[in-house]
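In the two assemblies presented below, subunit A is common to both, partnered first by subunit B and then by subunit C.
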Partner chain A sequence: MHALIQAIILGILTGGVYALMASGQTLIFGIMKIVNLAQGALVVLGAYLTYTLFTTFGLDPFLSIVITTPLLFLVGVVVQRVLIRPLRGSDVAELSLLVTFAVALAIEGALSFAYGSTLTNVQPAYANSSWTVLGFQVSVVRFVAFVLSLVLLAALYFILQRTKFGRSVRATVQNPASAELLGVNASRVSAIGFGLGAATAAAAGSVFGMLNAFNPGSHYDLISRLLTVVVLGGLGSIGGSVIAALVMGVASSIVSAEAAPIWGDFTFFVVLLLVLLLRPRGLFGARVRGAL
Partner chain B sequence: MAEITTTVALPAQGEALLELGGVTAGYGAGLILRGVDLTVNRGEIVCLIGPNGAGKSTVLKTVSGLLTAKDGFVRFAGNDLNRLSPRERLGLGIVHVPQDRSLFPGMTVWENVEMGAFVLNDRALVRRRLEEVTERFPIVGRRRTSLAGSLSGGEQKQVELARSLMLDPALILLDEPSIGLDPKSRTAVFASIAQLTEDGRTVLLVEQNARSGLAVAHRGAVLEAGRVALTGAGSALLEDPEVGRLYLGASAAGKTPRLDAAAPAAAAP
Partner chain C sequence: MKPVGRAGLLRAGIFFLLLALIPVLGAPGWLLTTLIFTVMYAGLASSWNLVGGYAGYPSLGHVAFFGIGAYAIGLVFTNSVGSGFEPFLLLPVIGVAVGLLSIPVGWIAMRTRADVFAIVTITLLFITQTLAFNLKDLTGGAQGKSVAPPPFPVETFDWPFYYAMVVMLAIAMAISLYFRRSKIGLSLATVRADEDKAHGIGVRVTAVKLLAFAVSCGLVAMIGGVWAYYVGFIYPQFAVDPLITIGMVLMAFLGGRGTLWGPVLGAFILVPAQEYFAQTFGASELYLLAYAAVFIVIMLFLPRGILPSVSERLARRRLAARGPGESPGTDAARPVDPAVRMEAAR
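Moving on to the complex of A and B:
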């Protein structure tokens, strides 16, 4: 029982970070109806930037978010403007898969060139410290990462629900033609939306680098997990993807603890297959699809 | 974002506000409009009727800027609209309410109406407009926290009309406002449209339901095969036997609509 609860705690904390990555992925899908296959690579890029800021300048990995987030926001805006926006015609969805995959490969290549392919890790002094709460181990890094993810998700929610820009994003998601008629600049909304999606990847990447050993190829594994979460959450619903991330985090953590860690990774794909077979629109898809 | 305000000097009541001359437009190589001449005076409701495919919606699009005229002129209060972006036309006070449901279903009624003033940055002005619009369309206040998608078709149309007033527009383009509505909602929508001109607004209305459209309009225009075949007072067109036969369902249903007899000028080969 103790082991089970410990696994659930670990799963929730890990799931929070996936929720952050997936929320950016969902935002991009919601606005532009494209699946961003570079989201995992952007997370890894964020992790490497954090690594360099930490090892070269001694900047705390959590604090480095202040630098990595705006930087990747800009990268996202440029990627959208230069590579996604010129896509035209009825097959934009398919073409954008190729384009974002190419972006992922380019990031992987650049990182391999700069850092090599050895697994690395961001290890601040408190990396291995943990608190004992009621007999359960809570890792400091995981806990702070979880809280940070919640704060950033809340900020994203606030931007979408309470600001004029957020309203224009939701309007574009729900009825793009009508939004344009009211003067919303869809191309600007798309660029900033892509930037915000990349920014969440940057923030998640800083944390990811402390929780996992990574190398430039880590994005393949990441993107497959993210796609699982996003599909499970019902493509286009941020709330759905947050819940899906927590469900997946807990499920794989329990399987790791009760069976073996290797089966923990496998859980993602078993769940994805089951969802696609039994509920192809995701856990929440039918109800909130397309509303963000 | 640059502030957009309505700065255009409008003509006096009853004088030409919107003028289209020899307008051709279409998608790709094909032409839908083949030389449209139409004048809409300030304070008027003008109703465009005509068969499917005649180009009624396309006329509205060339005015709001969703489509640019290939040839001919589109003038609004003396300004050449062809050179302006849709957003700039919005700034001049031209609002387009499209045919399909145009609300944002997952946003509240209040947010939807607020979106009508998206191009305005003056918060106090937006708040004042919200109050005026709510007074005029009580449903906006009554259902303000409801999601727009949960409203009936007739209620949604009322909210769309309310939203169109947020820019205090001089010209409102209404595309098939009564489509898909039950008779009671249809009556309510036409009543709301009739009220729009009370404070000097101008309405260009496209209506498949020609009888109701002409009844509410000061003037009507019959569009046929991309040209204006006939114009006249709304009441006169309603009583015109030829228009009645072709568009008001008096008889000859299903016959290819032609107006040669009534309007020789429109004689298409």
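Moving on to the complex of A and C:
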């Protein structure tokens, strides 16, 4: 019982970080109907940036978010402007999917060139310390990461619900044509939306680098998990993807603890198959376009 | 669909005759090795094209089946390969078995449309690789699995593998051709164009999609089997290498997906180029960057691939050459939009 509760705590904390990555993915899908296969690679890129900032300048990994987030925001905007916006034709969805895949490859290639393919890890002094609460271990890094994810998710929610930009995003998601008629600059919304998605990846990447050993090829593993979360949450619903991330975090953590860590990875695949079999639109499929 | 013209048969005949003659004419070893991989990728891209091109379902996980085929050969022929030809005889069995195995996978994955389908197939790739790493009793895990060396004479050692790859390519192309000329191809074209409408007018979309998926996966597995036998050592990261998936997709896109010769053309451009760059630069990390760059250039400037773009331009020139004599004002003489014609020719 103790082990089970411990696993659930661990799962919730991990799920929070997945939620952050997945919310960016969902935002991008909501606005542009593009499945961003580069999200995992952007997370790994964020992790490496944090790694460099930490090892070269001694900057605290959590603080480095202040630098990595705007950087990857710019990367996202550039990717959207240069690579995705010019796509034309009837199969834009398919083409953009493959373009984001190519972006993932390019990031992987550049990172392997710069850092090699050995596994690394961001190890600040407090990396292995933990608190004991009511007899349960709570890792400091995981807890702070979880809280940080919640704060950033709240910020994202605030941007979407309370700002003018957020209103234009939601309008674009609901109906791009009418949004444009009402004076929303859809192209600008798409670019900023993609940037925001990449920025969440950066923030999540800084945390990811402390929690996991990673190399440039880690993004395949990550993107498979992320996509499972996003499909489970119902593509296009941020709330759904947050809940799905927590569900998956807990489920895989329990399976890892009770069976073996490799079966924890398989939980994702099994869940994905079950969702597609039983409820292809996901747990919280956005029935109304624009639920976000 | 349109019948195969004499020109088409002649083209295919000459192509395969040339391929068959190359070893006999005394090609040097390095050329034959490059050709084995070129023909292998041509076969893989042609097989991928059955699903990704004709049906419009871009699978990013086909290498999973490649790996399964490779491990099948590795498992059966760990200790001895007899006369050396037994592994080739097992290939049809592998093809059928993997084809059948892929049906439930495809049935689940194809409940979704292109974008989510790509997601599911990527996950499939990852899962297969994880399994290959972790089912150590079966696959040897990261230590790899070896196939017994074949007792072929040194001077013609590569020949059986080369011809096996050529035969696989011929089979993949023959099936593509058959698909195009039969009702299957027509049904796949409707699935690709508008699946809901196709379903509405009574096309058996699920059956035809699954057929294409199963045949495609079976072929890829057979090619994986030949590959495993040729390289002799199977490691999870090479047998289930995302780069192989990317290669297939990229080559089909470069040459022109949904065409018979496009994937072959793509392979014959990209694989030698890749070998050349590997010789020149050496560093494998640069591959990924080069792949990504080629990929992006194709998507942005040649999204339909070389063959469709070229034939479109030819069609335009032919129309222009016909001159203004045929008045463009009347509907009958108005040039058919080449894109529409291409679609019809598929």
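Heads up, the rule we're going with is that the second predicted complex is superposed on the first by the 287 of 292 C-alpha atoms of A that agree within 3 Å, B and C clash if a C-alpha of one lies under 4 Å from a C-alpha of the other, contacts with A are read in each partner's own complex, and residues count from 1 in each chain.
Everything that follows uses one rule, which is that a contact is a pair of C-beta atoms (placed from the backbone, for glycine too) under 8 Å apart; a residue touches a chain by one contact, two chains touch by 3 or more.
Because the structure is a prediction, the values reported are computed rather than measured.
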For this session: Would you check which partner chain A:Ala106 touches, where first means subunit B only, second means subunit C only, and both and neither mean what they say?
Result: second
Exercise. What is the contact status of A:Leu20 with respect to subunit B (first) and subunit C (second): first, second, both, or neither?
Worked result: neither
Problem set entry | More subunit A residues in contact - subunit B or subunit C | C
Exercise. First (subunit B), second (subunit C), both or neither: which does A:Val229 touch?
Worked result: neither
Exercise. Where does A:Arg170 make contact in the superposed view: on subunit B (first), on subunit C (second), on both, or on neither?
Worked result: first
Exercise. Of the partners subunit B and subunit C, which touch A:Leu273 in the superposed model: first, second, both, neither?
Worked result: second
Exercise. After lining up the shared chain so the two structures overlap, which partner does A:Val184 touch, if you call subunit B first and subunit C second: first, second, both or neither?
Worked result: first
Exercise. Which of the two partners, first being subunit B and second being subunit C, lies in contact with A:Val77: first, second, both, or neither?
Worked result: neither
For this session: Answer with first, second, both or neither: which of subunit B and subunit C does A:Leu97 touch in the superposed model?
Result: second
For this session: Over in the complex, which subunit A residues touch subunit C? Could you list them?
Result: 33-35, 37, 83, 86-89, 91, 93-95, 97-99, 101-103, 105-106, 108-110, 112-113, 220-221, 223-224, 227-228, 230-231, 235, 262, 265-266, 268-269, 272-273, 276-277, 280
Seminar exercise, completed: In the complex, subunit B touches subunit A at residues 4, 64, 66, 86-87, 90, 96, 98, 100, 102-107, 111, 114-116, 118-119, 163
Exercise. Mind pulling up the subunit A residues that touch subunit B in the complex?
Worked result: 164, 167-168, 170-171, 174-175, 177-185, 288, 290-292
Exercise. So in the complex, which bits of subunit C are touching subunit A?
Worked result: 56, 58, 60, 108-109, 111-112, 114-116, 118-120, 122-127, 130, 134, 242, 246, 249, 253, 283, 285-293, 295-296, 299-300, 303-304
